[in-house]
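Shared between the two complexes below is chain A, which pairs with chain B and chain C, respectively.
Showing the complex of A and B:
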């Protein structure tokens, strides 16, 4: 029972981190209609920003998280204004190549500054929480609580506020949104800022129990892609459910199958699902 | 496009220059770098078939190159298979795996295909890295034997290997020009330009795309096999997507969808990174922005740019002649009227 609970907790932790990253990716997809391969680099920069704020400037963990979110949000907005916005009339191939160029550029910059070695963010809450005979590291509980809190806030923002609903409107129908007077530029800036902030928060939450290194974004971003394909490109509930599915598949797979190959599980799942259903599990109306 | 009478002397000149290069350079290191550029060019020529001619961004190409390299590495080092037998197996094994990967991935369109191949590439990387017993894991394979001699030919020092690589480069370019100028090549381009239109013309989309994919993985496997015999050390890192991205950079700089674009890009960028040796690990600080700027302002690449100018000039001269004729015609008309 205890072991099962442990795996459940692990899966929930992984799943909520993946879901946050996938949410940002799916939001940007709604606007760009392009897989933003650079999103993984934003996640990685977020981890390094938090590491810098905590390690070098001695900031409080939560302050560092807000700082990292701000830095990465700015970076994401810049990438939109300087690159993606200018490429909006180019063939999709060009956006994808530009996104990969950005990903490798950011990675090389970070590697030039901090080196290729592993870093670690000191766990702000190293305690262990005990309920009856179940044990859980406090950080994992914080990840789950913070991630779901953030998802709730995002959901309320998107559905209950006017600004939020412009994002939804733009994702549903670009021309229609423009016709009713929604400013495409504003929406796109906002979307990129949110997606960057989500990536940074996910990275800051996950870093205390994981390692920080320049290529840390690769696996996460690829899993995020798997998730949004599973959940339907551009679908927000799909990203959350998909994130949890992959998180559980990995934690239980690592335990019951093999730790060595746990990273393959997500991709094997993708290959399997897309082989059977090329349109994805929940094909979205847009595509 | 078909080599016109004017292009033939240029090609001959290039070939002579390539053959004379080791004599002129007279420096083992330069010859080594050039051979490496040729090997990367062979892989990039293959990628160009699926990316440039057929219009599908395959991000697993480096994975297939790694399959070729590892086939040679494993067979020669662990099983004592002669190099050339392993070499042939490498090309066909890559293509064989390419058949299945292509059949699965090409059911997806556009960016779904790219994401899928990104995952395929990563699966290849993970398998190479984790399957210690077969691939030596993260350590990689060292001491891969150099290509064995054929008849009187020996490939035991850098410049004889240079000629070997050059031979395969010329052969693969020749084969590629036969492919892209054939009816099949036209079918690839038709698919790139519009899948719907191509289908209307009676081109079987799936079969044609899979064929392009398999041919490109065959090129990747051959390039990987040459790489293993030439560098003689391979590690799982060569399957990573940053490697694929190097090749995309070569293609974009040289000219996407042109025969010699990948070669030109491979040579230019390889020498650029070599001259910026201190940047080896950080080459993407330059390559990344360079690529973004290229797709934004110069998406046709060097050879594409050259060809565009040629076409414009030809169009302008036709226009000129028409104008002249019109002027002459109206002159005559005026005279008859008078």
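Showing the complex of A and C:
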């Protein structure tokens, strides 16, 4: 029971972090139809920003999270304005190459500043929570609560506010959205900002139980791609469900199969599900 | 009310509009007749600001709106109900309609009033207001598209082939609604291939071919013209 509970908790922790990263990726894909490979680098910059705010400036953990979200949101918006927006009439391949270029650029900048070694974000809540005979590290519970809280806020924003519905409208029909007077540029800026902020929050949540290093975004972004392909490109519920599926598969797989194969599981699952359901779990339509 | 002068539009090296000069007087219902690829949609896209003219002017009530952003053009009072409807398929009918009033988002009261009018005009949309727009039949989706355009408070309404793909009975119903909208004072520019149907409700029409206006006239002249009968009525 206790061991099962541990795996459940691990799966939820991983899944909620993956879901946050995948949400940002799927939002940008839904609006601009570009696979933003640089999204993993935004996640990585988010971790370093939080590390800088906490470690160097001595900021409170939550303040650092907000700071990191702001920095990465700005960076994401800049990447849209300076790179992706300028390529809007170019073939899709150019977007992808530019995204990979940006990824390498950001990694090089971080490495030049902080070096290639591992860093740690001091755990703000090192306590262990005990309920009956179940134990859980406080940080994991915080990750789960914060991630799901943020997803709920995002959901309410997208479905209940007019500004949020401009994003959904643009994703569902770009021309229709322009014809009712929705400004594509504003929607694009907003979408990139949200996507960057989500990546930074995910990184800040996950960093206290993980390591910070320049290429830390690689595996996360690959998995986020697996998630949005599984969930259906552009689908918001798909990103959340897909994130949880991968999170659980990894935690239970690591336990019942082998930790060595943990990272293969996501990709094995991708091959398996896509051969059964090539359109993904939530084919476009579930937005 | 609306006047184009020498409008020219290029897609790369292809010239889709080649010096179009047309006008619509206040309260008029004018038909743009043209076959597939004649340039009707390009013309409307240029008026609503989704495509930029390479030459020419678009006058709307003494202002030149050529080069303005789509949102500014909607705000000014020229609203485009596009070919293929371009709805938000997974949003409810009600939300589609409300987004039609996006540029008037400060004025919720008036928006609610117009929404009620749209529901009155299309009772079926009221019935299906919470259904996803994409789940409706073709005719109902066309009503959502027209309703959404009305929510933008048009003084000039551009309707691009609203009868396309609809059953004859539904076409009749849609044309009836367009007539009512026009009778209520909205200037309408209607693009159609179906001359016979369109000329039932319009007084005046232009015939567009390969991006040029090749004929202009009132209903009787056009219905009796040999070329028009051959090309657009099939008689």
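In the analysis below, the second predicted complex is superposed on the first by the 280 of 287 C-alpha atoms of A that agree within 3 Å, B and C clash if a C-alpha of one lies under 4 Å from a C-alpha of the other, contacts with A are read in each partner's own complex, and residues count from 1 in each chain.
Basically, a contact is a pair of C-beta atoms (placed from the backbone, for glycine too) under 8 Å apart; a residue touches a chain by one contact, two chains touch by 3 or more.
The structure presented is a predicted model; accordingly, all values stated were derived computationally and were not measured.
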First (chain B), second (chain C), both or neither touched by A:162: second
Contacts of A:118 with chain B and chain C, given as first, second, both or neither: neither
First, second, both or neither for A:62, with chain B first and chain C second: neither
Touched partner set for A:4, first chain B, second chain C, both or neither: neither
Which of chain B and chain C A:83 touches, first, second, both or neither: first
Chain B versus chain C as contact partner of A:94, first or second or both or neither: first
Which partner, chain B or chain C, touches more chain A residues: B
Residues of chain B touching chain A in the complex: 51, 55, 57, 104, 107-108, 110-112, 114-116, 118-120, 122-123, 126-127, 130, 241-242, 245, 248, 252, 281-285, 287-292, 295-296, 299
Partner chain B, residues of chain A touching it in the complex: 34-35, 37, 83, 86-87, 90, 92-94, 96-98, 100-109, 111-112, 116, 218-219, 222, 225-226, 229, 260-261, 263-264, 267-268, 270-271, 274-275, 278, 280
In the complex with chain C, residue positions of chain A that touch it: 162, 165-166, 168-169, 172-173, 175-183, 285, 287
Chain A-touching residues of chain C, taken from the complex the two chains share: 48, 50, 69-71, 74-75, 79-80, 82, 85-91, 95, 99-100, 102-103, 105, 148, 152
